[in-house]
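Below, chain A partners chain B and then partners chain C, in two separate complexes.
== the complex of A and B ==
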């Protein structure tokens, strides 16, 4: 499975720092954060699908997927926008005749949004190890809960 | 305009060759020059257009009388109304913006000119359905005469009811997608949503659990 940017919604504080970081890096933001019912903030960006549907209708092969890595060649892109209609998550956007979607900031170790997230809500990883992360974190929480409570006035951690 | 361009191109090529390209390359280039002058020209055009759009236009205008006529004689636009899906690629590709776009009354109207003064064929090259062809003026059928307007039905988003794509576009996307992944009945509900609403419904689904949790906490 390809690596992608995942969000831990329980940590997201909706500060939109990731949007700004992406805009700084890519001239336009490819991640969008919105607050739902004033209770939870949820960032959404390209899911880096294993079988990307956006490549399916591309007439000139500008969007292609090889070895689980999505490739985009702007030269071949005709700007027909069919990929934006094929993306089930609506994360591919046509701007000025060129398709814009998260390319995980090539040339950077971690994508700008992940590097900048002050709440540690964005994770750049394979989905497999993501499950591991969550499970480990939950196990830690469980352990803490089962431990005898810390003396008053002082909190563990 | 064409002559000027050709000369420029040839000069440019010569210089490049003299600068010391390999012999193989030279042969290749010559062949390309002879065989695919048009393609080369188009590449050249693109660069020049990007660099000096305005200058180019002015030059085109001043020489318009003669070169325009020549082009008109050479070829006219022929649109295949059955093939066109109304994706607007041609309209954004046209350097002179001759392909008119408008949306009203649940229809997307594309207005194609009869012919154009530029010698670029970019709209035909960019069309994903190959619905645009350039035919010689003598050879064209009467059906293609005059400027043509196509009106294509638009789909309205199921959630926000804004029209976001033509029916044909979606049909094409549905076909292409179903070739790649088998779509279960009900598994293609997102196809009827506009991209913004798709993102929104995904967001809501993602945040569903945490929203419920926090609502309960808030009530306590």
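== the complex of A and C ==
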């Protein structure tokens, strides 16, 4: 599975630092934070799909995918917008006739959004490892909950 | 964008909040063009909040003040520095000669460096007045007093990173996820290790999202909640008896006072079910190491000092101070508000918290400053300065980097007060609403355009070098102050910020071992650092407290209701606070295009049931009115606040038109957090 920017929703505080960082690095933000039911915040950016649906309807082949790598040739783009309709996540944005999507900040070790995240909620990884991280954290917390409480007044210095 | 060869990286400290996050400014041909993160920095570990990400916008902004400006009948007139400073010195001198030194007042800046604030208060005091204060009066004055009288030092006890070692984090009156976002990573780290997080706040905030238990109390009832928790702890024997016996004084008094504060009583006042108060009390007291994190939800009340005292009592009762992961952590506001206070830019304190009026403290300073006269009485506080100006008791006011029109409560009165001054100098980086009232405006350099040290909320003193030049003829505040001092005939013997720091290390004992060279190495030093070989003190109160006998004081406090409670004329309770995309009075954040686009204007949160009853829809324009004034805002319907409560951010000029100026009796901080208010659709 390809690497992409994932968000741990239990950690995201909805501060939108990722949007600001992306905007500074790429002129416009390719990640956007949606706040759901008042508190839960969900940052969404290109999923770097293995079989990207956005390429399928492209009439002139401006958006194509080879060996799992998405290529975009602006000169062939007609600006028809079919790709933005095709993306199931709404992360391909047509702005002034050009497709803007997350390209994982080439040239930087970590994408800017991940590097800036104050809560450490954004992760640049391949999706296989995500579940394991969460399982381990949960297990640790449960283990702690099973410990007897420390007797008050007699704690170790 | 890649870093090309033409670009250089310059390490700096974020100018926004008090966390002291580090990052690199990316420079090209003397202009700030970007940011690179600094993963090795111990506070933010490379991360930055939205405001930090937008920090370079301040440096390149077209609105920056570039020349000294004099107000004339035909608008602003550009002046030469020489002329401007002579005028300032002459006006201050005349007012002093004709009406005495106490007709002058000085407002320092928690945005300026330690050296600048030290110099600023020194100038004020050498001129013979202690009317010098800073905006800490509006955010954490109650912390200085409340923690001072209980623990012996009015500052955060443990560093931020130490939060990750807590087994229980009790957050009360702080929305750190929005106001100090990098704190979230430490709290989440503690949670990953199994910590229990309690968030007490009248609103549901992004901080509540991280909580295991949320306590939604009525605004202004914090003391009742804390007393209720302490009642449970004492009654169930969860207190740390050894700690209380060996390291504190005053337990019998506290125990007696707490008898009246059972969870049921606390529940009636706070609106929190008794079972949740009990649950919170047990979780906090039983934790191996527990921290209390608080901020302006605690301090900005007429009971601010009492609220802080109750927080300290709770920590002391459970022995949750002076250890790894156990402490009391007030999250302060400005990037150098801790430093401005340490430097004595406070009406009642000399540098290093020697009390004005204490002969010994004055004596030490007289020797150091080689003067035989210093003010003997505490001066006017920031809030009292505005009041005195309004009554015509002040003739001249010198404001360095502070927008009191927007930051003080009851801003219509502040505007009137500024108009009644004979002479107002404002030294700032932008033409703020306060500067518009000035007779003389002096253009200052922003943080990265000068050198100096800044003290973060965790007492970490960090040095920043100058990265680029200020725009136009703007000068670093320190240069302006030194030139002014010369014109005033004070003859101060420094040339650079380093020289001033050398004197500070003599005047402020906890800065005794700090030099420019030491601060530049690594990531600064955490005070107290009394001598040149001392490594700094990340955790305070280990073994003994900073009181004369080394014991902390348990001081009972009683709940008192806010100064203004809703009534039939003003049926809503208006509370104020911050949002993540803006900063304080907004003179910086509202000038960042990226930030303003995302949060463009003043809004008011209202509960859907209230909105329905008043036929208010999302996005309607509302007129809000209190006994002080009225303002307009856009309605946002949300169940995140309780019925009958309204919330407004204070980053826009409209908000503080409404807030009241009832003061805490000890700390003199205004009650920004509770006002009675009425609303109607426009």
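What to note about this one:
Rule of thumb we're sticking to: the second predicted complex is superposed on the first by the 147 of 157 C-alpha atoms of A that agree within 3 Å, B and C clash if a C-alpha of one lies under 4 Å from a C-alpha of the other, contacts with A are read in each partner's own complex, and residues count from 1 in each chain.
To be clear about the criterion, contacts are C-beta pairs under 8 Å (C-beta built on N, C-alpha and C of every residue); 3 or more make two chains touch, one makes a residue touch a chain.
Since this is a predicted model, take the numbers as computed values, not measurements.
When the two complexes are overlaid on their common chain A, residue A:40 makes contact with chain B and with chain C alike. In the superposed model, A:127 lies in contact with neither chain B nor chain C. Of the two partner chains placed around the shared chain by superposition, chain C is the only one that A:119 touches, whereas chain B remains out of contact. By the touch criterion defined above, A:2 reaches neither chain B nor chain C. Within the superposed three-chain model, A:143 lies in touch with chain C and out of touch with chain B [touch as defined at top].
Look at A:85: by the touch rule set out above, it reaches chain B but stays clear of chain C. Where the contact sets of chain A with chain B and with chain C meet, they give residues 39-40. The residues of chain C lying in touch with chain A in their complex are 1-2, 34-35, 37, 39, 44, 46-50, 52-54, 177-178, 181-182, 184-185, 188-189, 191-194, 204, 206-210, 237-243, 285-288, 318-319, 323, 580-581, 594-595, 598, 638-640. Across the interface of their complex, chain A is touched by residues 87-89, 92-93, 126-129, 164-165, 169-170, 172-173, 176-177, 179-181, 190, 193-200, 202-204, 206-207, 210-211, 214-215, 218 of chain B. If you check the complex, the residues on chain A that touch chain C are 11, 13-17, 19-21, 23-26, 38-41, 107, 115-120, 137, 140-141, 143-145, 149-150, 152-155, 157. Note for the complex: chain A touches chain B at residues 7, 9-10, 32, 34, 36-37, 39-40, 42, 44, 51, 53, 55-57, 59-60, 78-82, 84-93, 97.
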